[in-house]
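Next come the structures, one after another.
You will see subunit A twice below: alongside subunit B first, and alongside subunit C after that.
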Partner chain A sequence: MADVLTAVGVLVGLGAFLALILVVAERRLVHSGPVRLTINDADPVEVPGGEPLLSVLRERKIFVPSACGGRGSCGLCKVRVLEGGGSVLPTETPHLLPDEIEGRVRLACQVKVRDDTAIEIPAHLMEVEEYEVRVEAIEELTYDIRRVRLAFGPGVEFRFRAGQYVQIETPIYDGLGEPVYRAYSISSPPQDTGAVELIIRKVPRGICTTFVHELLLVGDRLRINGPYGDFYLRETPAEAVFIAGGSGLAPFESILADMAARGVRKKVTLFFGAVSRRDLYDLERLHAYGERLPGFSFVPALSHPDPGDDWQGETGLITDVVARHHGAMEGMEAYLCGSPGMIDACVRVLTDKGVAEDRIFYDKFA
Partner chain B sequence: MKQPPQLSQAQARMAHGALTRDGFLGTDSRNLVEILQDDDGRVRRLGLGHADLAAALQRLTDAALAHLGAPVVIDDRFEVRSVEAMGRMPCPFGHPGLFVKAEVHGRRLDTGETLVWTPLSVHLIGAHGFYQGRGSPYRLEPERLAGFLGMEGKGPEDVT
Partner chain C sequence: MTSQGAFTIFIAAIFINNILLSNFLGMCPFIAVSREVRTAAGLGAAVAFVMTLTSGLNYLVYAYLLEPLGLEYLRYIAFIVVIAATVQLVEMVIERTSPVLYYALGIFLPLITVNCAILGVSLFMVIRQYSFVQSLAYGAGSGVGWALAILAMAGLRRKMKRSRVPAALEGPGITVILAGIMALAFIGFSGMVPM
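And now, the complex of A and B:
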């Protein structure tokens, strides 16, 4: 019995000793006091040590896009870490290509600023700002899609390019520990500088879309930041196809309104894919662009119309509909917005038909 | 039951609000290692392996995703359709790769039985033998899953 007690005592003592070593090592080796952060060759600034780089940047009102709120799931918050940052973490590797790892690209949400750190971020991100907005209107477009109009404060003019997106900060609700950010394309035209409209589909069990669809009310205040993204119309002579699925119509509504406002002439066909009639919206508005934009045509299509839909339009998967409408597509441009599955399927069809890969545009957050 | 540190890290990523709003553990208070061992035993008692169940579920998932939200009938036995969202999901175990954010709704045409799962669910079963915790929205009870897929009482050699 005494031997057992001695052995237990030795084990407990050894465990306590090892724990002490770990505590001392962490205090000595892990820097958690103020550190210096250098951004794009600007003068270094002092920031608190030990925080995720994404949070440190956000504190300084520098908004690197992140659609998952720093959970390491979207892979959007890529920055080049030139000094500090430690090794690439297993949580980052799924999002990084080998040449990005070679080029010291990291996910800002996963990098802890423990030591003096130097980073490089695209200059245009320094222009992104945070805004407090008021929910001015909510419109039910379908059973699971809402249009939300967010008004900026007096005197604020929000400048963006048609096709870009903003991030909504979803406040803490339902026991969630921290706000999360989600990206949504702007559907209103850039000429409307006092507000932005977003088209938001309810995602099953989605953090932000549940908030928008179940809790958000007219008059509520929200924080958004933006604008982001390089999904915009290339004003070339090339004919273009726009392909949208579900709420993916949003950036095209902005681009078409902008084209009409500025008199941009370009041959464009907008394909809008949905499952059944109840998934379609804004049809009249989109058909009306046929009068305002020479060279514009609109093709809504249903993949599985309900018997009661009385649908006389195109049917089939949107990829098949595009393929039926166009023969060879060399020299054309394609703009895609929808689910990753729709985008992947469209890219396959478009490249098979001769559209150059660098002429196919879509948002990375999809 | 002692749990390796890697599983503890994975369990932390499975919590409510960590990677997803609902997380992966539901109301299950057991350690991840216990959940894995319990479900592993149940699948073995069915005479199946996790890979068998995942392969059958993957086939239905691929068909649903390929039809971009429209329902599709497979083998005159299953009707499946996907509800896809923008974005992709990482594996909470830290496995490489990202998974399409979608729900797949499956229905047996002969029995009317329904099941909902995600592309990530398929990976979690096949690669990790993880069917999610009790009370998780996407928990798949192994016996119910095998029954839905028509694999009850079949050894791997009988599964096509």
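And now, the complex of A and C:
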């Protein structure tokens, strides 16, 4: 009996001793106590040490854009770290240009706040706010794409530029340890300040899209933050092409509605690529802009129409359809929204056709 | 207690009684992580470091806690606990002091916890009745030996990319065969120093 007790006692003692060492080490090494964070030369604030800069800022209600939710894959959460932050990590280098590294630009999701830190954030990001919204309507656009209308509370006016996006905070649901943030373009026009509409396609095993498609109900409350992004229409005399794939139609619906409301004149062709007829939506609404907007034309295209689709329109990959419609494209602008693969393919075709690289605009939500 | 010098044990653990190629311990990471020379080097270095550290710590736990209380049979579970805690601690220290190394090692560091070669070294040290210094030498030697073996394998596999391997043997299959041939080569050294 005594043997058993000693054995258990020794094991428990050893385990407890090691656990104690680990706890102390974690206190000392990982959570290094409060540190001072200075943002844009304002007075320093005390924040807990050891956390990624992105989440520290989020807790302070400063929303740096991040489409991937802090995984270091989208490269959007760039901030200038003037003091502290350690050296640039291998996870950041693919997203930083040499002169950005020189200018002390870092990815906020990769920088851990361990020592006193001073950072600089573009002023407009300080205006990004968090909102509590109510799901006002959910509309099934196709078998895997939904339009969700989110209404702000009474008295709230949400101001944004057509083409910008917001982030949804996905609440904690099965097995999800912490809230994650995912970015979606706004499809409603900026004149509608009381609500935003988002077009969300279900991604297999996607954390937020699964939530939106399987759990979200009309009347639910959600938190979103925004607006973000510089994907808005440049009001220049240049002719433009809009290329949308799947749920990537969202920002263009907002931009077109805004153009119609404000009477913006610009020669625009919207290409909408989908697989087959069951993936198309909002066609009537988009065709109708042909009458309201002088110089607008709409080209839906299917890459693999089903035999039963009875499809008279364009077929083929969206890049081929664009190439067929336009000869040389020098001096034109291009706006892209869709999967990263589609965007890469379009950028290649467009630059081959003579569109200047700084005249191609897109948000890549990886 | 064996009377071999610590240096002899160190060299013997690297070449003559290589923990990986003569005892076949730590095979899973050896096969899984030997695709790239860079990552193999990172993992090898991490294993060598943790092995040295844990053989010393486990020696202290065994000689000053388990043996005096007659609890030698608890060594398996005690050693594992010590190894797991050490790996955690090393992970935190590296994250704090060198984020670059931390990201380079990535997932490999926590994986070391379940590398059986680490536990094997601690158990051999008990069976062979090494002293503290001998244990450290054995741990360090085995770690370096393991690192050398995985580096050699990664080098071979880099060359293999350009060779025509039968489709059925690609990946782990040919790697196991290579490991076998490497082990045969190491048998040539066996018996030079009895261990």
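A few comments on the model shown:
Criterion: the second predicted complex is superposed on the first by the 324 of 366 C-alpha atoms of A that agree within 3 Å, B and C clash if a C-alpha of one lies under 4 Å from a C-alpha of the other, contacts with A are read in each partner's own complex, and residues count from 1 in each chain.
Everything that follows uses one rule, which is that contacts are C-beta pairs under 8 Å (C-beta built on N, C-alpha and C of every residue); 3 or more make two chains touch, one makes a residue touch a chain.
Since this is a predicted model, take the numbers as computed values, not measurements.
Shared-chain residue A:G75: touches subunit B; no touch with subunit C.
Contact with both subunit B and subunit C is seen for A:P90 once the two complexes are overlaid on the shared chain. By the touch criterion stated above, A:K112 is placed in contact with subunit C alone, subunit B being left untouched. In the superposition on chain A, A:T193 contacts neither subunit B nor subunit C. By the touch criterion defined above, A:T351 lies against neither subunit B nor subunit C after alignment on the C-alpha atoms of chain A.
Comparing subunit B with subunit C, the partner in contact with more residues of subunit A is B. Once the two complexes are overlaid on the shared chain, A:S55 sits clear of subunit B and of subunit C alike.
Taken together, the two structures place residues 90-91 of subunit A in contact with subunit B in one case and with subunit C in the other.
Here subunit B touches subunit A in the complex through residues 16-22, 65-71, 82-91, 94-98, 100-103, 137, going by the rule given at the top. Within the complex formed with subunit A, the residues of subunit C that make contact are 61, 65-66, 69-71, 74, 77-78, 81-82, 85, 88-89, 92-93, 95-96, 99-100, 103-104. Across the interface of their complex, subunit C is touched by residues 3, 6-7, 10-11, 14-15, 18-19, 21-22, 25-26, 29-30, 86-87, 89-91, 112, 114 of subunit A.
Residues 67-68, 71-75, 90-91, 93-95, 174-178, 201, 203-207, 209-210, 245-246, 248, 273-275, 303-304, 317-319, 338-342, 345, 365-366 of subunit A are the ones touching subunit B in the complex.
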